[in-house]
Amino acid sequence: MTQEQKASPEQATIVLHSGDMDKVYSALIVANGALAMGMEASIYFTFWGLQRLEKGGLEKGPLSKMHLFGLGKWMIKQRMKKSNVAKLERLMNDFKTLGGRIIACEMTMDIMGIDADDLRQDWIDEYGAVGTYVQEARKSEITLFI
Amino acid sequence: MTQEQKASPEQATIVLHSGDMDKVYSALIVANGALAMGMEASIYFTFWGLQRLEKGGLEKGPLSKMHLFGLGKWMIKQRMKKSNVAKLERLMNDFKTLGGRIIACEMTMDIMGIDADDLRQDWIDEYGAVGTYVQEARKSEITLFI
Amino acid sequence: MTQEQKASPEQATIVLHSGDMDKVYSALIVANGALAMGMEASIYFTFWGLQRLEKGGLEKGPLSKMHLFGLGKWMIKQRMKKSNVAKLERLMNDFKTLGGRIIACEMTMDIMGIDADDLRQDWIDEYGAVGTYVQEARKSEITLFI
């Protein structure tokens, strides 16, 4: 570690490969927690994760996996409301407001034939490839693949 | 990194989000390996992972996924016995004996309606939220999401 | 961190637990990216990941999961060709050529009854257990569980 890197703020860098809503949830919770504690945070959306950046993609079946908890969807919704568990949309807004950075994987866009127009461009800070990720991850205290 | 942090022991901090037995297995193997090599280790049990901390949860269908190896359950059991592969229960006991720390995710307990009484409290060192995790992870050499 | 470790090159250390082709893909892309940027990289193949090191294992149904993107297999193949997305075999060859190290998990071989003869030994640098992994991971800037 060089002297300059030591002076830079701590960072969490997450690859979000999965599109499962419970994993998107975990990624945002961890990232927001890091931001709230004064760290920087980047999430690199790739593969199924990238699909959640499509317009309407974050809301699409947010409980699809959750109900595997063994509870019905209705009950989960009630519990989450009662527990004041934040919705994905709100978690994402918090993430952006707290200064979190979102990188969209260009290779995935290419394979899946997704245009930038299809994506929530207001959320995306950068369209990048693996080099962008490695550059961020190598100086991060927390690196996760979700 | 501050001067004090440099002097502190190395650490592995794992988020166990999955409840799949092969992943619980991997989490405990890595954590126990780190402990055996003089590191500290914490596992943060959340989502499906937390269900494995319920009373009887660790033994519940430990081979449910394993048999996907293409072998039958019976054969797997024979092989594991023959190979002296440790059972989950023993891995967990080793983890605790070696000084590993277990944090139970309070948010998951809240969503799933799990009380502390439902959990193996003798294993749990702390009931925490994301802040607890980030505090440990930011000073860890090894951070994994499993 | 000791003085010698500071002088050593940066490293990415990946546990490849999954055998899903999209995840093998991500593991190799990240590792090759790290290598291309002057870092060292090791991938520890375990559980379902190890099966991809069997002779013919890397080619076996490489698109099996990919078509879940919602596109048919034929269309995916066309897109990948058009997008010049590298095949797994080529990614693996690049990984080895760039100096990446492959560690095969001995415990998995034992459980699954796999002999070294069944594996692509020309790719494997070492047969190891968790201690081998921890030794590499503790000095790595990037640690991922895939």
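Letters are used for the chains, namely A, B and C, taken in the order the chains are written, and counting of residues starts over at 1 for each.
Throughout what follows, contacts are C-beta pairs under 8 Å (C-beta built on N, C-alpha and C of every residue); 3 or more make two chains touch, one makes a residue touch a chain.
This is a predicted model, so every value here is computed, not measured.
Both chain B and chain C derive from one sequence, and where they touch, under half of the residue numbers involved are common to the two copies.
Chain A maps onto chain B through a rotation of 120 degrees [Cα fit, steps of 5, range 0 to 180]. Centre to centre, using the average C-alpha position, chain B and chain C are separated by 24 Å.
The multi-chain contact residues of chain A, meaning those touching 2 or more other chains, are 1, 143-145. Of all residues in chain B, those touching chain C in their complex are 1, 6, 10, 12, 22-23, 26, 29-30, 32-34, 36-37, 39, 69, 71, 76, 79-80, 83, 85, 141-146.
For chain A in complex with chain C, the residues that touch the partner chain are 1, 15, 17, 46-48, 107, 110-113, 129-131, 133-135, 137-140, 143-145.
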